[in-house]
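Below: a set of structures, written as structure tokens.
One chain, subunit A, links the two complexes that follow: it is found with subunit B in the first and with subunit C in the second.
Now for the complex of A and B:
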């Protein structure tokens, strides 16, 4: 039912196509990339786009096309892992706070509010500043930043569902709280959570690229989109192609998730339109 | 109303303390001995011991926190390990740059977002609306730092409209200073413009369907008057909250944008400190920016009462 409505949503289908294309590039990177993304060629430094190097080469003579293709792997893995690592605790804590209320709610809420009091990317920067720049730490930092978002959405949905007759019936028949939450409540608040997942993925891609650009992401030789752009800065005047292509790659993959997310919201949760 | 303002202001205190604790705790997330890490390989054993003592790292955690928060409460954020200057003074010098950047970005984004969002809602499901949705979806998807790089490439390096390097502060020479700020502020503001515009559109759409708007139309008011006088004020509430939340994005985004355009603001100060392992400065910057963000949201929450008469403020 929902799927059929989604199929009719043009923007959503464009978004889905972009996401699938992006996933395909990431999976098939070794076959699509024309060269080793790490191979340095001192004789071929900063050369413009050509048949041999579709997107030109960078300051070390590395093939930018191959680096951008491999970059989609880092971007997707980091964003998927960090959103997953934010969603699991966010949903668990959110349903606990919503279901039990009282002091459980107060304690968790205070803590989540404090995390949300930081400008998001700033908190991530702070965590990575002390833990050091690596993909693992980027995932940790982004998951800390996004946990409260999932927490809030779940808590809100659980609070309103708790008053519904079918949940009261489940309580009256003597089910344990965990059964009620898992069987009766969570399946009914999936819509906003799923929408939030896609939106968070879009944010996470931008955040990962920004952190790498600042030098806080994957350490240098790694072909992450942010790293490629950070390397390109020194060649802006003479080799603009270095800056153009990775940015287009980031924008397209984020647009894909945003379009998909918008469409999901229209289809699954018409109230939010 | 006054009571609400007082209560809301009072509520911020526990959050402030918790935020301060998290920032304080940040330094203890450093793998290994913070004093060792900060001084690097060049520090002798005596230097490390001296630093540990001066930062109070040799005392128990709760004593450290109480001492630290006592100092922070008096506006003392400690001294930088790198240049030995008081951090609060450096922040005071750099904050005007960040404040100008974020304020200009906010003004630009509101000027773009509010009229276009309202327009898209009024012309809902027409070509104008579709174009609006397409533009804003790209607006929220283009990474700010890349947009900044492209702006530098096109407007500064090729067209020469704006300076590409250097900086003149707005206090020194207003118009010259503004030239250095325009491109960074536009870059920073476009993302927020797209977010706020979408919010303005959807809250406007919700209000337009309500009975009192129909009533205003039935009274024979012109469409313009209906929108401007009746719908706009009520649609502004949710949009205002978004603006408050987005200010946090601006502050965070400023760190990235200041790096792109080499502006000597707080963000740049923070990034230099991170790479120099100057952790007291890192703490100071993050704490200061977070408190600024919390205060902005406090102001927004209080303003919200004015725009949404239905909200309780007992």
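Now for the complex of A and C:
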């Protein structure tokens, strides 16, 4: 039913198409890329888009088209993993805080407040500064940053669902708290969580690109949208294609996830119709 | 007498920022096997909190302060949380006020019945499914094999309440607490639902605590009536004694407040009676008899001291200074 309504949501379908296209590029990168994204060609530095190099080449003569295609792998994997790694603890802690309330809630809430009091990117930079720059650490840093978001959403929905009669009925029929949370509460607050996942994915893509741009993400030869942009910085005036194409890639995927997320919100939340 | 549930001097208080709200203040109840006890009173008099106290699921900041609740010979208030969990839904079931929201919207009816069964009994999914279908047939839901696959929103109100009854009676509990089971239903469906409930509990020898403010229901179905007012029992007794020979001014007032279809229509009929005043705040219960500020026969002593229990006839007792 929800799916049918989603099909009729034009913006949502555009978003979904963009996301699927993005996923396809990431999966099929080796077949789509025309050249080795790491191959340096000293004779072919900073050449504009042509038949051989669709998006032109960068300052080291590497093919930007292939780098952007391969870069989508890193962007998607990092953002998916970090959102997943943020969602699991966020939802678990949020449902515990919402369901048990009182001191459980107070302790978890203080901790989340502490995390939220730092600007997201600064906190991520701090964590990477401590642990060293690698994709693995980017995932950890981003998951720490996004955990409170899922925590807050889950806690809020659990708080309102806890007052519902069917939860009281579940208590009265002798269910354990874990069964009540897993079977009666969480299935009913999936809608806001799903919406939050898609929106967070968009943010995570930007965050990953920002960190890579600052040299804190994927270590240099590996292509990621952020470090392609970063490499292109010095040539921006003379060779705009170096910045334009990875920029378009970032924009497209972020807009795609946001459109998809907004559509899901419209479809899953009856109050906003 | 075969007594299944015996509540002695139950006190459940809510400790809020505004103070202590005494929601249940010294309630005594005695429930016989396969009988129906009507628990009546105005909103906020402690009916539902009494029910939640029996199952020990009083929400925070409520606490059972003192008292004893005997299920046969076991004091429920002395059991561990795990032992108590074994009793909920198994030996004592509850049906809630609103059937519309008492079923989980995310799962099918069958799924919920099967889960409820598997919380307490070791049965396979297939066995549970058969039992669930059987139970739905017993509560007269047509085509249970089809209904079992449907979600709560696909059923009508009466159907949902019958599904709730099926879920509550699935494990053949000794006690069924029905908290305003028919308030949200059509009058015509009310009778049907209560009839089903009555027949099934008679077969299973289940006792019912029927919580309601509908005195008509109580007169028709209950054998024993307990009248609550501001967290205390005012009068209790067999249904005939209460309806034909009510002594307590509050009970009398309640009985006169029942509207009849002809009220106010005929020329000579009087206006519907009302009990003047409002239910006292639970934070600030009047001294002496809690009903005295609204009582028409109030005496000097009523505002000073709590009335003692007086027995009028076997089983018919009340707390009122007028009869001391």
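Definition applied: the second predicted complex is superposed on the first by the 270 of 273 C-alpha atoms of A that agree within 3 Å, B and C clash if a C-alpha of one lies under 4 Å from a C-alpha of the other, contacts with A are read in each partner's own complex, and residues count from 1 in each chain.
In this section, contacts are C-beta pairs under 8 Å (C-beta built on N, C-alpha and C of every residue); 3 or more make two chains touch, one makes a residue touch a chain.
Bear in mind the structure is a predicted one, so any value in this text is a computation, not a measurement.
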Quick check on the subunit A-based superposition: subunit B and subunit C, clash or fit?
fit
Between subunit B and subunit C, whom does A:22 touch in the aligned arrangement: first, second, both, or neither?
neither
After the superposition on A, what does A:259 contact: first (subunit B), second (subunit C), both or neither?
first
After lining up the shared chain so the two structures overlap, which partner does A:169 touch, if you call subunit B first and subunit C second: first, second, both or neither?
second
Which partner chains sit in contact with A:75 here, subunit B, subunit C, both or neither? Use first/second/both/neither.
neither
After superposition on the shared chain, which partner residues are touched by A:143: those of subunit B (first), subunit C (second), both, or neither?
neither
In the superposed model, does subunit B or subunit C contact more residues of subunit A?
B
Given Cα centres, how many degrees, to the nearest 10, is the angle at subunit A formed with subunit B and subunit C?
90
Least Cα-Cα separation in the three-chain superposition, subunit B to subunit C, whole Å, stands at 13
For subunit A, which residues belong to both interfaces, subunit B and subunit C?
none
For the complex, which residues does subunit A have touching subunit C?
101-102, 164-166, 168-176, 179, 183-184, 187-188
Can you list the subunit B residues touching subunit A in their complex?
14-15, 18-19, 22-23, 26-27, 29-31, 133, 137-138, 140-146, 149-150, 152-153, 157, 202, 205, 248-249, 251-253, 255-256, 259, 270-271, 274-275, 279, 282, 286, 289-290, 293-294
The residues of subunit A that touch subunit B in their complex are 11, 110-111, 113-115, 117-123, 125-127, 129-132, 202, 206, 209-210, 213-216, 229, 232-233, 236-237, 240, 243-244, 246-247, 250-251, 254-255, 258-259, 262, 273
Parts of subunit C lying in touch with subunit A, wherever the complex brings them together
55, 57, 60, 85-90, 93-94, 96-98, 101-107, 115-116, 119-120, 164, 167-168
